[in-house]
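Chain lettering (A, B, C, D, E, F, G and H) follows the sequence in which the chains are written, and residue indices restart at 1 in each chain.
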Amino acid sequence: MPQVGVVIGSRTDEPLIKACLEVLQSLGIEYELSVLSAHRTPERVMEYARGARERGLQVLIGAAGGAAALPGALASWTTLPVIGVPLPTSELKGVDALHAIAQMPPGIPVACVAVGEWGARNAAYLAAEILGLKDEKVRQAYEAYRQGLRQA
Amino acid sequence: MPQVGVVIGSRTDEPLIKACLEVLQSLGIEYELSVLSAHRTPERVMEYARGARERGLQVLIGAAGGAAALPGALASWTTLPVIGVPLPTSELKGVDALHAIAQMPPGIPVACVAVGEWGARNAAYLAAEILGLKDEKVRQAYEAYRQGLRQA
Amino acid sequence: MPQVGVVIGSRTDEPLIKACLEVLQSLGIEYELSVLSAHRTPERVMEYARGARERGLQVLIGAAGGAAALPGALASWTTLPVIGVPLPTSELKGVDALHAIAQMPPGIPVACVAVGEWGARNAAYLAAEILGLKDEKVRQAYEAYRQGLRQA
Amino acid sequence: MPQVGVVIGSRTDEPLIKACLEVLQSLGIEYELSVLSAHRTPERVMEYARGARERGLQVLIGAAGGAAALPGALASWTTLPVIGVPLPTSELKGVDALHAIAQMPPGIPVACVAVGEWGARNAAYLAAEILGLKDEKVRQAYEAYRQGLRQA
Amino acid sequence: MPQVGVVIGSRTDEPLIKACLEVLQSLGIEYELSVLSAHRTPERVMEYARGARERGLQVLIGAAGGAAALPGALASWTTLPVIGVPLPTSELKGVDALHAIAQMPPGIPVACVAVGEWGARNAAYLAAEILGLKDEKVRQAYEAYRQGLRQA
Amino acid sequence: MPQVGVVIGSRTDEPLIKACLEVLQSLGIEYELSVLSAHRTPERVMEYARGARERGLQVLIGAAGGAAALPGALASWTTLPVIGVPLPTSELKGVDALHAIAQMPPGIPVACVAVGEWGARNAAYLAAEILGLKDEKVRQAYEAYRQGLRQA
Amino acid sequence: MPQVGVVIGSRTDEPLIKACLEVLQSLGIEYELSVLSAHRTPERVMEYARGARERGLQVLIGAAGGAAALPGALASWTTLPVIGVPLPTSELKGVDALHAIAQMPPGIPVACVAVGEWGARNAAYLAAEILGLKDEKVRQAYEAYRQGLRQA
Amino acid sequence: MPQVGVVIGSRTDEPLIKACLEVLQSLGIEYELSVLSAHRTPERVMEYARGARERGLQVLIGAAGGAAALPGALASWTTLPVIGVPLPTSELKGVDALHAIAQMPPGIPVACVAVGEWGARNAAYLAAEILGLKDEKVRQAYEAYRQGLRQA
């Protein structure tokens, strides 16, 4: 049963989130990838986010470019922690998505990470930190990774 | 029966949209003002936007600051034209809202106008131009306004 | 008889607006493409925009990069709704055109969409939403497209 | 025993983080506030972050302006989730801090929220979402808050 | 007979251009001030700029904020040198006007100066430099000013 | 005897200013190209600018990237009109040079044009407009060019 | 005999550099304050910077806003280390000066510090670090200050 | 024994700092290159910076992209002068690193240079200027370089 739900708005964003999935896998975190658009398929986003906790998901990761409403839309329908990854897919190359994801209004937080692949990877590591608060196996895997960084 | 639905996410944004309402009124356009938040009350946004056309609304205006998802959220639930007004309510003073509103992904358009009061007023004038395509009274009122500008 | 007038300032911008034309065509909206520059051929812009309504045009779309005065110039000469598409053709890659198009002064609105191809496509969809208020065929075509998005 | 450690770099930043503390308190989350500077007192940051997990802290919140290294410095010394609040205290009014906090390199994530008070409050709500994964009381308090938002 | 035509789009911009007029006067340059809007009164801009050379004007100065089309509109209708002053009148505080004035497309130049009062004053000094190429009195007045700067 | 002095700070910038030289030539304006750096060879810039008027030059054009001090340095040593072309040669791609050239302090104006090739060409056209105030041949050549634009 | 030469371009900038002077004084560093403008009095900048080393100065600090050429101009005439403080005096509030000071071309370095008072103070501390390499008294004073920060 | 310690956060940044090393070598300045990450290996940064003065290092150069905490982290642990080079390695292409390095808080200065290769080279030249205050050989080598620039 997946612990982390990774959501992108379009199949074309899949290569940009690949690094996230690889990190999750490397840490032994089960995840699922869904293609749901805040703007094109808002019902699906609503249904997905509303049902996420019951389905056992504990962290959601939404990646989007441009107006990048996806992470905030997920957050609007759930009280699970939502991580947002700004993607550099528009002509403004991610500064727009950074603003649209980081500048959430009070009450509905999104955890924004860096634009693009840096953020895709860190979304997974942040998910590991969050899951690691109650999942000893994930904590140990992430700490081993961090230990490895220190020795690299 | 209102032709234009003006939506803000919070009562605190009301003074910022006042100029919009005054312009609508000056042009004889019937409107309604609603407080609905894309992030805090997404169901209400969904219900409002989904029912808008049937209730006779023809143009929606959404004003928001920061991540400013409101206009795009309205647009995701309706095929009526949606005008978005970026508000300078966050610490980034509207450049964030401009990005979040203008940079909508293909398929779900929002008509973005200027940040703040300039945009609040122009949202109403743009609504008048749109309504004026089928409502002769509105067209004449707007053309009279434009004529007045030329003679000021 | 075209319903939508698409205007670019230079032949070199034509590839950037191609997606707009394709969307218009796919929705059965008749359009015409004109090359008129706000700065190099202001008379032509004036004549085009002034005569647009009488010729039956209902929506104008202007696409421009850099100082990007074209949409605003069209708007200054007509009371038809004008949609502006910022193009990333200058060295500043469209942030300049976004500012020049979105930040119109009160009284003369332009409906700004996203920079580049995203905006080119959304300009057409926005035109469809506007036309759809009185043209049932266009409304149905656009709603079918939106329905298709939801099922993709 | 505090669950959340809130860290600011200077006493002068305390008013800017007050809203965060109020939200934590309103949700019944125990917290502590520390004044530690990534640049002026790096040892203290190191000691604080290194000992945080053992002392029972589960989430760290770091708020900083300008180069805003504090959240990243905390994250470098711990594997607990760290939330970063960009403050508008420099002459660049927070766009610098947003960049310095959001753009963390791969491996050491920070969860960035909005600049200023919006972010201060959302840092607390995000902490509640994270804690709520294992602390039923916090989850219920946060869900009651969200329910309240929906009914406001 | 005025040598320099100073144009603003709105009476409300008059205080922002006052420093320009004072400098022109201090250098003994005759000028006229007109209120003409690129967007609200495009005919007047056209007539003004088209007739400027015949009326003896040698340099035009246009000051505008936001989309700031005025200097470019003047330039589109004349081959006199046009100086553009970006004004900080919109919520984006002049960065928009800077882009809209500086980023003119090839063929129709505008001489952009600094945002706000700095630019208002420098527009006058730049006009003096241009006029000074053929008007010995203006050249001497400006050189006296520059000499004064060196001795201040 | 050249009328226009074009100055770049480095041989590597020569391709970026080529369009400027071509326009000058096409309009029959005599020019000279010099390589002088505001930072690396300030004496030469001083000598060049100080002697420019006596040598018969009437307009100076300085093109530079990054901190882009060259146009302002030329202006500090002469009372001839100086046109500045921001080049996209640094990693910030010209937004830095735009700021460094446009934001000149009161008293020492520089006429800033667009970043890169657009500006390189417009610097030449602006020079033609300035020279055309006293040189009928240049004025006619430029007006013929503008006439050609209108008919293209 | 002063060790540090602090230079501003205008008396009006004096309050903005006051914090710098106070820090220098508190560390027992002798300094002098000069008002010299890169653009208005370039000869004086040249003479000052050229003679600086012989007069015993070891570090120069230049503070400027807008195009902010002063630090780079000082650097162009000397091989002493030059520290640049971007001031928020233009309408763009220092982002322009940051670009103009930080983005120096290869060969002529300037040590850029933060915009405004933060930078004014850090310019003095950076000067202390540089002087401290050979001046034991300054080194000890600065280390005492840093020690004090750690214990505050 | 090296005089300058160059530090990068990752092997992948090595090509970006190569120009710095070449300049140091060309000026006869001994240096060492270390790979230490402010976020991934903070202990090593601490140990390196703390021991730097005793090991005879006199200037540190830290190069980093994105959140770019490395130069500030070095500075937090030493009172040697630290030069920071913003690298364009993130999707925001260095504007983030420029903010994160230049906007250091009062008390802990970093000498920021330009983004990318320009800055990499200038970091070395700035180090030469600093070292040249007490090392006659370095001063002469740098002055010979500057003399060469003047004659190029």
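One rule holds for everything that comes next: a contact is a pair of C-beta atoms (placed from the backbone, for glycine too) under 8 Å apart; a residue touches a chain by one contact, two chains touch by 3 or more.
Treat the numbers as computed from the prediction; the structure is a model and nothing was measured.
A.B. asks: Considering only chains that satisfy the touch condition with subunit D, which of them also satisfy it with subunit F?
C.D. replies: Neighbours common to subunit D and subunit F are G, H.
A.B. asks: So if I look at the partners of subunit G and the partners of subunit H, which chains show up in both lists?
C.D. replies: D, F
A.B. asks: Counting C-beta pairs in contact, does A-C beat A-D or the other way around?
C.D. replies: Comparing A-C with A-D, the pair joined by more C-beta contacts is A-D.
A.B. asks: Name whichever of A-D, B-D or F-G reuses the G-H interface, so over half of the contact pairs are the same residue numbers.
C.D. replies: Residue-number overlap above half with G-H among A-D, B-D or F-G: A-D.
A.B. asks: Measuring from the mean C-alpha position of subunit E to the mean C-alpha position of subunit G, what distance in angstrom results?
C.D. replies: Here the centre of subunit G sits 35 Å away from the centre of subunit E.
A.B. asks: Just the number, please: Cα centre separation of subunit D and subunit E in whole Å.
C.D. replies: From the centre of subunit D to the centre of subunit E is 49 Å.
A.B. asks: Taking the mean of the CA coordinates per chain, how far is subunit E from subunit H in Å?
C.D. replies: That pair's centroid distance is 44 Å.
A.B. asks: Residue numbers in subunit H touching 2 or more other chains?
C.D. replies: In subunit H, 37, 40, 66-67, 90, 92-93, 95, 98, 102-105, 107-108, 114-115, 117-118, 146, 149 touch at least two other chains.
A.B. asks: Could you list each pair of chains that touch one another?
C.D. replies: After working through each pair, the chains in contact turn out to be A-B, A-C, A-D, A-H, B-C, B-D, B-E, C-E, C-F, D-G, D-H, E-F, E-G, F-G, F-H, G-H.
A.B. asks: Where on subunit A does subunit H make contact in their complex?
C.D. replies: Listed in rising order, the residues of subunit A that touch subunit H are 88, 93-95, 98, 114-118, 146, 149-150, 152.
A.B. asks: Show which residues of subunit G lie in contact with subunit E when the two form their complex.
C.D. replies: Its residues touching subunit E are 37, 40-41, 43-44, 66-67, 90-93.
A.B. asks: Tell me, which parts of subunit E touch subunit F in their complex?
C.D. replies: Of all residues in subunit E, those touching subunit F are 58, 79-83, 86, 98, 102-115, 117-118, 121-123, 125-126, 129-130, 132-134, 139, 142-143, 145-146, 149.
A.B. asks: Would you mind writing out the residues of subunit F in touch with subunit G in their complex?
C.D. replies: On the subunit F side, the touching residues are 9-10, 37-40, 42, 46, 65-69, 72-73, 75-77, 90, 92, 95-97, 99-105, 107-108.
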